[in-house]
Structure formats: structure tokens, C-alpha cells
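Some structures to go through are shown next.
Note that chain A is present in both complexes that follow, paired respectively with chain B and with chain C.
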Partner chain A sequence: MLIDSTHRVWIAVTMVALGLGLVVYIPYALVAVQGPRGGSAMGIVYGSMGSALMLFAGLLGARKKFPVWRVGRATSWMRGHLWLGLLSFPFILFHSGFSLGAAPLTRTLMVLFIFVIVSGIVGAMLQHFLPRVITTRVPMETVYEQIDHVCAQLATEATDAVTELLSALEGDLEHANPQQRAEAASAGTMGGVTFASAIGVDEPFAATLHSFFDDEIKPYLVQHSGRGRVLADKERASAMFQQFRILCPEDSWPRLKDLENICEEKRELDRQRVLHRLLHGWLLVHIPASYALLLLGAVHAVIALRY
Partner chain B sequence: MPRVRTAKTLATRIDLQYFTRLHGFRRWRLVLSIIVPLLAVGWLLGEKASGNRAIYSSGPVSSAHAVFGQNCNLCHVRGASFSAAVGDKACLACHNAPIHNAQQAFTPACSSCHLEHKGKFKMAATTDAACGQCHASLHVKEGELKFDPHVSDFDNKHPQFLPLRHGQYDPGTINLNHHAHLQPTLRGPNGPVQMQCSDCHRPVGVNQPWPYSVAAVPAASQQPAVVSAAETQQPRKRFTETGAGPYMARLKYVNQCAACHILQFDPLISQPAPHDKPEIVRAFIVEKIKQLVKENPGLVHKPITAGYGDQIEAARNFLRPARDYLVLPKAPTTPANWAEQRTEIAERLLWRKDCKVCHSQTTGESDKLPTSVKAVIPARWLLHAEFDHPAHRMMTCESCHSRILESRQTAEVNLPGIETCRRCHKEAGAMQAAAEGRCYECHSYHDWRKEQPLKGKFDLNALRAGN
Partner chain C sequence: MCVVDIGQRVYAASCVRQVEPGMVVKTSTADVAGVRRTLLELLMADHPTPCQRQQLTHDCELEHLASQAGLTASRYPGLPTPRGHDDSSASIAVDHDSCILCERCIRGCSEIRHNFVLARRGKGYQAGIAFDENLPMGKSTCVSCGECMVSCPTGALVNKKKEIATDLPGTAVPIEELQLLEMFQNVSGTFLSLNSDAVHKRHFKAGEIICREGDYGSTAFYILAGTCEVFLSSPMAHVSTKADQGGFFKRLKSSLTGQAHTREARSERAFIPIDAPVDLPYDNPIAELVAGDLFGEMTCMSFYPRSATVRAKTDCTMLEMLRNVLDILQRNKSFRERVELNYRKRALENHLRSIPLFASLTPEFIDYLRERVELRRYAAGQVLCHEGEHSDSFFLVRLGFVKVSQSHPGGDLVLGYIGRSGFLGEIGLLGAGMYTATCTALDHVEAVRIAADDFRVMMEQFPAVKQDLQVVAQQRLAENRARLTTIRTAPIDSFLAQGLMEAQSLLVLDLQRCTRCDQCVRACADAHDGVSRLIREGLRLDKYLIATSCRQCKDPLCMVGCPVGSIRRKNSLEMVIEDWCIGCGMCASNCPYGNINMHPFQVQVEDLSRPGRKIAKVQSKATACNLCLDYDEPSCVYACPHDAAHRVNPSQFFAYLARQSDTTLKKGE
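This part shows the complex of A and B:
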């Protein structure tokens, strides 16, 4: 989510609420008999407000589960989640008197809360910057969940391209291009099999290419992450394909270009995978910790109000 | 055909049903979203099953309450309502804590000042804000307000100690010149001495001989030299570290003065007069002089001043400013007459010289006994605060009682001022590398003199339940 001028109202509301909270907190902290405590009247007020804000932030999940609910736009909910969720942190600090608490439960709550807030802030920053990075660095972006599926298709596509290229290089007219076929027509036959001309057939190079495909291209395309492979490095991959172009007949260059292009797409998809994990990985901490926080927070509220 | 990458070709790559299946990332998110809260619930249930309620507790109970720390219900009494907060009744079951002042306009709840569940935290260590609830803007139910109404802290808002305020003086009636007593050439019982403060001032309970007590002059008196148990200190003993009480032992002639200020009334009689009422002194002198004459009949034929030497002249000079010359009687003729005249000399020297060194008194007419002003030596200056001398033993006396070396008059109050205390005691205490400066350090809310004995309410099983 891009944090831009559309957030101004939310930021203003958050800052005003924070200012009011602080204005009340300072004299309260100065005159409170036992110092600011969660159990004091003001502490309970701050705790209730903080909990309400947390609960509101938590409702974003429900809002996403039921997108048809007519309870405001999703972007508004997201902005509210971001800023009111952030606001809950100072209110909970006011509630606790800037203490982690002494009880294991309250300490756990504070640690969880810090996890949630920090992961949320990190997430918001990533959501602000990374989408633009992905757009720039991954022009061939696809649906994240389909990356493996697309990679499999790329492998198939590369296999087809190489098969065609090899067939031509090995003299298989079935896969020869029209020029090769024209040249081969003048070359004659031997033992019932038609061979391409000597110009079109390059068996040693074909063997090299075959080996390169089997050893490098195919494993790289099939491999979940291309890390450690020669083709994962754009410079080295480019140099390698350039060498093949020198060795290979010029009419095979388009196919080689296709192979190079497929490898480039795989590289981008791998990059997308990494960036996507960065972009959404924080949710693996943020969401489970938030649920645990809300649950334990409710227990804490009941126990604290009772005792 | 070269490879062409169009939106259409790209779209055909996508499995349109992909969102119906959980991808790894979303699957992990779901799994963790279930597992983590479940772990939290499991933790709570596990603690409940093991009977450990400490996870909800805001901290271990204080050392004094640790013995029943696991028995929450002892203090958190569950009534009909949802709340099980600790009420005053729970505290008063064990602590008969008298209120501060009958005129106080507001009585706070016990737990508002004494915060439990702070571990080894001293529960008596209340915050200044607790005291400030009333003292920052003091009101009384009725009658005149006798204290500064705006005392909210020690650092800035505490008034000067009452005995040091303008117009106050030492009400003591014993003439004492600290300056003279602390001179290096003071005449002691066995030659010049340099007296130390502790020669006369020591906390109660320090059972060591006094260097200037009657014990230092064996023949002088039979009165005890050490402080008796009955004299050991009054209020609630807060400090037991040194074994000594917080206040200085009461000054007594037999302990602090007798060795130097010997009440010898006759040079021919070694036993000094008792430090007692004039009539007892007179009876003692008469008896001793009669006994002297009886044992030494030849004295009757000697001058009435026999044995006095220069003392008579010294006494004359001493009494001269008062224009009360020591008039020597006529020559005695009989042993009875000799004894009578000798007694008169002894008494006049005692009443008008030795006793007057310390006591203000009316001499009365010649045959009448003098009347001494009742001896008053304030044993405690700060009546609404407590002070602990042994806790300050690392310092020299003069560092706090800074004017003592110059003090010549009894009326001068040599108590250290609040500014001296503030050099070490600060509100922030140890956090500011200083000594404790909160109200409770010197003041006690509860008037423990009014504490009533309590009858125990719990048996051992009730107390130790949960352990």
C-alpha cells in the first residue's frame, strides 16, 4: 500500500488522538499515587482504548474475508488498520506506564504486541516501496502462486526450442527450417534418409548444445530457485549464449535467443519470488501474532478487571 | 517463429483456478494463524492444570507475604460480585494499622499506598504522591491546621525543620557550652583531654562504659554507669542493623558528667555528694562531716578551712561577680559547732559554685535549700519524623552538626538543617546516586503508638494452602 497524500486525514486523526492521549497522560503520570499503572482508573481507560484500537485493526482480516460487506472501502479499512493499529501502541504504553509488566502474561502480551507493531511497520514500509521495485525489476511478473506453474511451462517451451534446434543441427529435416530444406534438396539421399547439406549439419556443436541444455538450462528452469546456477547470473548467462551464437549457424540464432529469453524470464520469476516473499513474508509473523495477542489480551482484561 | 510474449500468451499460462487451492505461502499463513493462538491457549491451560497462577500475577508478593503467596484467596477475597480486588478488610485482618491523624480529611485505601506484587519491594516504601494526596494541599476535618499545607516532596517543597525555624531555641535548662567541651586542653579527671562527641552522645543500646561516668571515678558514686534496659528506646524500632537504637541515649550526670564535674564537697572527705535533690545532698553532707569530726576530734582545734588550701580563694573569686562573697564563719568552739560551720562552707560551695555550673537555680535565703530549675534536655527534636543515627555512622558528627564547635549557648539549636539532609537525600534516591528522599524515609503514616493487639484469624492450613 502506497503511503501518500491520501493518508493525510488518517495521519492527522492519529496525531491528534496521540496528542490528546499524551496531554492527559503527563499530569496523570505525575500525580498518580503509585505512578501510572494499568490497574488505575486512567490505566483502565487507556487499556480499553488501546484494546478497542487493536480490535478494530484486527477486524481488517474479517473485512477481507467478506469483501461484499458494505462497511466502507477496503482501502479505507487498510488505512484505518495501519494508523489506528499504530495508535494502539502508545495507548497501550500509557496503559502500562511504559512498563513491560511483571506477570509472564503481561510480558508475553507486550512482547507479542511489539512483534505485531514492528512487523506491521516493516510490512507497511515494504508495501510502500517494494511494489515499485517489482514493477521495475520484474517486467515479466506473473501471479505469485503461478510461478512454479509458469516455470514448468518455460521448461517445456525450452525443451521444444532445443529439440527443434538440435534436430536442425543434426540434419533432421523434419525440424529443419525452409532454407535448410532448400539446401538439403540439392544434397541427395543416402540409404533412404535425406540429409541436410554440410553447411546445415554441425553434430559436435549439437552435442555441446545438448549437453548444455541437459546440464544447465533444464535443471535451472526446473529448479525451484535457480540459486547457484550459472544461468542465475545474468552476465554469465549472456556471455555463455554469446559463445553459442559464435559457434552456431546464424540461422539458429533466433532459437538461441528464445532460450536466452526463457532463462531471463526464469531469472525474473525467481526475483519476483524473492521480492514477493519480502513483500508478504512479514505477514507470517504479523497475523498469527495478532491473533494470539487478541486472544491473550482478552484473557488479561478479564483477569485484571477481576483482581 | 521467434518467441513472442503477448498479454494473451501470458494469460493462457495462468491456471484460472489457482486461487481455489492454498498456495504454500497462504497455507503457512493459515497454519501459523491457527497454531500460534492455539499455543497461547495451550500455555494458559497448561499453567492452569499445573495450578500455577503466577502467570497472571503482576509479580511476586513481598517477602513479608511470601509465606502465603500461593494462596491468592487469602487477600483476593471472592465475594458475590465479579471483582476480587483486595480490600482494606483483607489487610486489616493481620495489620491493625492506626490512622494517621484524627483530623485527616481523607483516608486512602491500604492498597492505594502499599502496592503488593512488586517482589522484594518494601511495602512501606510508599510514593510521595501517596502522601501528597493530602499533604500537597492539606485540609483538616475541623480545627486549626498546624502543619505546612503544601508539602509534596522533600527536594523542594519541604519546610525547614521546626526547631530551626525563626524564633525557635533549645529549651534545655542545663548550661552547656559545646565549644568549651571540645577544646583540646580540657581538664579531665586524669589530666588534659580532647573530648569526642561520642564520649557523651551515643545511640541507645551501645553498652560500653562511658569514659566520663562515675565508673571512671571508682570512689565517687555507686550509681550505675550503663544504661538500663528500662531506658532503652521507645518507639517502633525500624533499624536493627547495628543493634543500636536510632536516637541518642539520654544524657545523665552519672554517665556523661560525673568524672570531671565531681561533687566533692569537702577536701577531707573523698566521697562526693550524690547528684540528687538538695535535701538529700544536705543530709549526706551533714552526716559525712559529723562522721569526719567524730573520727578526727583534733580537727576542732584546726582552722575551719583546714584542707581547703586555695579552693577558698578560688571560690571567693568565682562568687565575686555575684557579689556573694564567701564569708568565713567565726572560729568554732565545739565539735558540733565545727561540723555546722564546715557544713555551711561545703553547702555554699556546692549550691553557689558546683551546682550552678550546670543548673539554673534560686539560692534562696541562707538557711533555705536552693531550688533548681528542672533539668530538661530534649531527647528527640523531630517529633513527627524518625531519624537513625547508626545509619549515618560513616560520617563525622561535625559534618552534619556543623555549628557545634562554635556553640557556646544552651539555647542554640545544633540540629542539622534540611539543606544538610538534602545534600544526600534526594527524591530520586538511588536512581540519582543519592540516599532515599521519599517521605516514608522519615515519616510514618500510621500512628503505631495506637496499634492494638490482634487476634490471629488463620490456621496453618489456611495460610499455606496452595503451596
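This part shows the complex of A and C:
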């Protein structure tokens, strides 16, 4: 969600309504004998308007439950939620006379309301900025629910790549690709050194790569979040792969590059996971708090009007 | 024997002589008969009697003609020196002595199979046929397709008794029995001996299922005796847009009253096209097939899934045949005439009525057309009409798919595909005077040709049909112009790089606005019985994501091969999968972008083996975005709370992107 020039109309409507509310409030606050109070006629009017705005803001959840219903574009509902929800705050302040209230219920209500408004503003800001961050920093973004599945696929791909690489390195052409086989066959005539023997001589290196895969790559790919792992750090990972490139025959570099790319994709997916949680995590507090606010608001209205 | 008297100094060969105005052709005078007899005698003089074919299958055409003419022996001496035998091929025996130099084998090899192995060799008595540069057949580039052997009228090229083994159910029919059947009477016995296992006789008891819709097969059926029912057992309207246009209250009212879509409301089609001589009425998709009907042609010729279920209504006997047999039958003039007669009698009216534009034709006019239309067959790649040629025909597609393309600098532009019940040629006949596009058969195509004169009579007698056709012609011309404009104005690199050239409508998500809340996916699922037709993943262009959702391609490859024509356009850009989809998955596998999904769901269907009882069955239906055609706006776009989802016209969208990019560059400078 971008809060940009397309929001102009909503901003204008909000400002005009706020202005009107303020214009009425100032004389009301000045002439009220006991000061502006929620129980006064004007206070009840402000309270009703604020509650109506809160209720409208709360209806966004219901609107989302029935996305196909032709009851106004969801974009309009969202903008209404944002700006009219924000407008409800000054109206409730006009209602309470800028007081938190004396009774525990009203005090709780006000605190809750401030919490809902602040969490909403934070959420709006996150949703304004984070999509751009995700777009630029996670080029290989996938559907959030698919991340685990994609990671499992990456692990399989990495296993295959390492198996092939090790097979070739160990002189076992069983798992080598056709090109490697062809090279092995033709290399046999070049100075009596075959492809297999040419790269299979460095057994300690093969063992190192094997253990690197078992100890670092595989756990990193399988682990839900790669935090704390060497490969989670792009620069360190890059340095490690560079070391392997130095030790490894040039023929094997493309496979090493594949492995490096797989780790890079995992890093991006981890980043997406974090950003996605941030993007939507605030709703975990905003929505329950909003429902509680509406419920307590209704209780407050009944109690206040009855007693 | 093609010799005829045209009143000139010498007799003419009717097979090559062009008809001229005022020409009088006598085909059966005593003199002509005498000349034919002499020619036969001369041919028989060189021909060893009985030849190998006559010995094996008793159908040497030359010897048959000779016996008809009462010739037992020739007065003339035979070949002074034999031309020899060639047994080098594993499958075909060549007897050069039996060859009468008719060149059928050469034409079969070059013109039908395009192998170009056979040609003429030598002069005088040593003239004959040669493989490549006169090599033994077994050492030539011959692929042993058998076309020469099938074409040969004598025993010059015969089968070496290697039957092609098949696993068809039923019992193989002996050649003698096949040759007694009218449909096989002019088919080469050599061919039948080679393919004796490719035609099986099958008996079905009343109620028995002969084939099921959606199954893949490779055979066609010819009904020898009995009656069958052909029907669609797939339930209809299962994967459709739920809501009517009309807003919340109408929706609520519909839900409360249990109002459902009527089938009529879902489609303007009165008939569902299937792979049989009859179409199925949309309201009651069941029809009858009788003795003499051939069904399953598309499955057999092009390996499409079966388009309908066929059940024996009475005890039935039928021939089940493989493609090579059907192919040879379709080249057989008498069989073609028989099928065509059957089509004229039974299917033409249905076929015309299945096209809404022609629904108003009177029975009298259809009777008039019945005698005048021509049923034409086209092999894959064959052209029905060439762009720029004088327009002399109107075509109704009866079977198969036709590609419509226009030639432009840089290559051909595919304008669309026309399947069964589609028509073409109206633009030229209604004014242009020439074909505006080239129409090419994509697979085995059968089309009904209505000549220009008959078409004009139809236009004069039925102004409403003319008006409707003019509207269609205008629409098609406008669409073609729009496509051409798209190609000329769009930034071609981006289009080509991402395969978006073919798109007409893209679901684009602005990733800087999108909060990945998946409301678009939810809305799509809500609008389509819980089955989403979009995946929020796909190609990325700048800050935009081209979601995996039907692009309404200009070149809708998905349409090619649908055995029941359920995936189609509705005179506009949106692709629609009609509710009679049989779930064969052809469209999903044809879509190069993975935008069509097969959705399995459980339904109660009639137990075909125990009529009257129902069983649970997992049925699939193809689903693709139809742009929520029941609504003003696609649900995914309408339900996006962040104004991130948009359905865009690719040409305008890419032009806008290009302009933006130019502006940014200029600012940077």
C-alpha cells in the first residue's frame, strides 16, 4: 500500500471533517460549565460520530471476508479504513474532552484506543515502505506459504549438485553429467591423464567439500531460519566459495556457482520470511486490540447511556 | 482406362486433358471400348499373369479390368528380356516385370509421403521404377512406409507377408471378409494383408460402453449393425462463476431462493460439437448413432481424447480400426462418398444449426444446400485458402483445427484458430473479394465448402444471417487491425523476451503497492467455487509482477485440440471454458504459460455399467481466468485493497512503461 497522491481526496475529506469538528468543539469547550464531557449532548454526538467511524473502520475485516461482493472497491474501503479510522481518534478526544477518563473502563478504553491507533499508524507505515524493500531486496520472492517447500527443493538441488561434483572429483563418473563424461573420454588421449584422474588426485579437497556440505550447506538449507550460520552472511559465504574455487578444478566451478546461487536464494527467502512477518505481524496486535476496543466501546456506551 | 473420344484426330487421356468450353466427350462408344481393349492387351502382354498380388489377395486391378473385358491372353509378345525382381527390402517385394509404369508409386512416395525415393529409370523395354539412384530397395533411403505398395495397382510392389501386429480387442477380420464390405472394396488388398490386424470386429451388448469421454485412444469405430447412444456424462456448470451481476441484493435474493444459473444463461450455443457425425444438443446432450456411422475420427487421426461416451443402445457390431486403416479409407473415393452422403443426410442440418448465426436458416434452404455443399478433407499443413487469392468459397469447419494467419514483413502473424463449428471465408465473400488471411489445417481437418454462388443466394434469402455475418466480419477485421497495431507499437524486445507478445490482457501486480495479502487470490477462489485461477507468482518486469493467470492470448494454443470445443472465445478477448468440459486436460498441456489448471472434484454420476445407479467419481474440469465475465471488473482487481492489481492491455502498458523509462532517462541526463 502506497500512501501517495491518490489518497488526496481522502486526506481532504478527513481534514475538512476534522476542521468542522474542531470549529464546533472550540466554542463548546469554552462555554461548557463543567468543561467538555462525554456525558454532555455534544459529548455524546462526538462519541457517536467517533464510534461510527471506528465501526466503519472495523467493517474492513468483514469486507475482506467477502471479497467478491460488489459493495464498493476494496481500495476505497481500505482508504476509508485508514483515514476515517484516524479521524475517529480526534472525535473521541473531543468526546472525552482530551481526558483519559477517571473510571477504569474509560481509562482502559482510551489506552486501548491509543494503542490501536498507534499500531495502525505503524502498520500503515510498514505497508508503505516494506513492499518496496521486499521488491528490491528479494528478487527471487515466492509465495510466502511456499517458502518451506522451496527450501526443501533447494536442499534437494544442492544435494544433487554436490553428489555430482563429488562423484566427478572422486573419479567416479557414474553420477557425472554427459559433458564431464565426454571430457573424461577425450582427456584420456591427452598426455595419458584422464579427466577422472586429473581431478580425483586431491582427495583431501573432496573430503573438505563433503564435510562443508554436511556441516554447513545442508543444515543451512534445511534450517527454518538460517540465523547464526556462516552461510547466512553473504560476504562470508562468498569468501568460503571463493576458497573452494581456488582449490577446485575449473571444470567444477559451474557446479560450485550453482551451490552458491542456491545459498543466495535461501538467504533471500529467509529475508522474505522476516520482512513478510514484519509486514503482517503488526496485525496480530492491531486486529485483536481493535475487536477488544469495539467490544469495550459498546459496553462503555451501554453503561454510560444507562447509568 | 482413361481413354476417351473428344472428337479430335486422336483419343485423349481424360486424366490429364482439361475440359474446354464446347468440348463433347464420349466415354463409352464401341471404338473407345476397342481401343481400351487393345491397350489392355498391350499392358497384359508385359504383365505376368497371375501376378503376385493376384495370387495373394486376388485384387490386381489390371487383371480385374482384363477379366471384365473378357481378355484371357494377349495377342502380343511379352517382354523380350525380364526386368527382374528386387527382394532386398525386408518388407516389400519388387517385381519389375509386373510394373505397368503407371507411376502411382512415384506419386505416392513424393506427393503423399514426401519421401522422394522413387523415380523412373531406363528407356524402352527397360523402363521401370528406381529407388534413389537405381539402388536395390533395401539399400536405398526408402523408409518402408508402404505407400508405394498400397498405391500399386498390380503385383509390382507387394507385401512380404509381414503383418503389423496390434493389441486391439475383438477379433481380426480376414481380408476376404473385409473385401466383401462396401467400404473396403476399392482398398488395396496388399494394404489389407499388411494391416489385417489393424481392423477388428467387435460385438457389444445393449448397454455396454464402447468408449468413454476423456479417454485417450487411437482408434475409430464404424458401426456395421445396431444403434448406439452418444452422450456426455460429465456434469455441467461445476466450475463456473457463481454470482450474477446485479449486486449484493440480487445475490442475496438468489441465495435465499436457491436460484441457479440456467444452462441457457451460460451459453448461446445450442449444440456441443463432438467427434461423431452428430452434435449433441446442449439441453440434453445425447444423440444416436446408427449403422454406417463412423465415430472417433479425431481421436484416431490426431490422437485427441474421446469427446463423448458411446454406449450400445441395441446389440451392436462394429469395426474398430487404427489410423492407417482410417487414413486409407478416407482416401478411398467410394468410402468418402458414402460418409459425405451420410453427412449431408444427417449431420449438415445439425452442424448449421449448431452455429448460432445460421440458426434462422429454413429447412428448405438447408435441403437446397444439402445437394450443393462439398465435404473437403485436409491433411495437417494443407492450405484451405491463401491470403490474396480470389475468394470463391465459404468454409464451415466440421473436424479439426484451422490456423488463420496473415503474412507480414518479418513473418506470419497468427490471427487465431478455428475449431469445429467455426467458419471462415466470409470477409472475402462479403466484400473484400479475396481471402484476407491464409487458413491452414493444423491437423486432420474436414470442412464443408459452400461455393460463392450458394453463399450469395443464402445472403439474399436471409438478410438476418447476412447482417450477423457482416458484424462478425467487422469484428474480425477490427481485431486483426488491433493485433497489428499492437505489434507495431509495442516495445518488441520486452514482449519477445517474456513471451508477452501473444497476450491481450495481463494481470499485473504493482509490487511496490502489493502487501502480499493474497486478497486477489482469495477473491478469485471465492468467485469460482473455491478454485483460484491465479497464482501470485510469475514473470517480473521492473516493479511489476505478471501473475500466473490466463493472458487471453492472441494465439490461443489452448484451444487447439479441445475435443468438445469447450474452450473458446466469445466474440471478444476473454477465453471461456464452457461447462461441458470433459476434463481431458488437453488445453492445460497446450498452454505454454501454465495458466490453465485441472481441478479435480467429486461428483455423483450415473454408473454406466449399471444403468439407474449412481456412483461417486473424481471428475476434473479445466479452469482458467475468464476475466469474471459475469462482473464489470475481475474480482481479483476489485478485491485488491491496495490498488496493486490491474488487468492491463499489454501494448498500452508496455508503451507506458517505455515512456516512463524514457522520462527517467531524460531526467537523469
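Simple rule for what comes next: the second predicted complex is superposed on the first by the 284 of 307 C-alpha atoms of A that agree within 3 Å, B and C clash if a C-alpha of one lies under 4 Å from a C-alpha of the other, contacts with A are read in each partner's own complex, and residues count from 1 in each chain.
Throughout what follows, contacts are C-beta pairs under 8 Å (C-beta built on N, C-alpha and C of every residue); 3 or more make two chains touch, one makes a residue touch a chain.
Everything numeric here is computed off the predicted structure, so don't read it as measured data.
Annotation for the three-chain superposition on chain A: chain B and chain C fit side by side. By the touch criterion defined above, A:H280 reaches both chain B and chain C.
Within the superposed three-chain model, A:R245 lies out of touch with both chain B and chain C [touch as defined at top].
Once the two complexes are laid over each other on the shared chain, residue contacts for A:A103 go to chain B alone; chain C is not touched. Touch criterion met: A:V143 reaches chain B and chain C at once. Looking at the shared chain after the overlay, A:P288 reaches chain B, while chain C stays out of its contact range.
Our angle of interest has its tip at the CA centre of chain A and reaches the CA centres of chain B and chain C; in the overlay it is 140°, to the nearest 10. By the touch criterion defined above, A:R132 lies against chain C but remains apart from chain B after alignment on the C-alpha atoms of chain A.
Ranked by how many residues of chain A each touches, chain B and chain C are led by B. Of the two partner chains placed by the overlay, only chain C lies in contact with A:V71; chain B stays clear of it. In this overlay, which is a superposition and not a single complex, chain B and chain C have their closest Cα atoms 5 Å apart.
Residues 142-144, 276, 280 of chain A lie in contact with chain B in one complex and with chain C in the other.
Of all residues in chain C, only 242-243, 247-248, 251, 511-517, 519, 522-523, 526-527, 535-537, 540, 543, 631, 635, 638-644 touch chain A in the complex they form. Considering their complex, residues 1-2, 6, 60, 64, 66-71, 73-75, 77-78, 127, 130-132, 134-135, 139, 142-144, 276, 279-280 of chain A touch chain C.
Looking at the complex, you find that chain B touches chain A at residues 2-3, 5, 10, 13-15, 18-19, 23, 25-26, 28-29, 32-33, 35-37, 39-41, 44, 54-59, 72, 76, 82-85, 108, 112-113, 115, 117-119, 127, 129-130, 132-133. Interface residues of chain A, counted against chain B in their complex, comprise 31-35, 39, 101-106, 108, 140, 142-146, 149-150, 153, 157, 161, 254, 257-258, 261-262, 265, 276-277, 280, 283-284, 287-289, 291-292, 295-296, 299, 303, 305-307.
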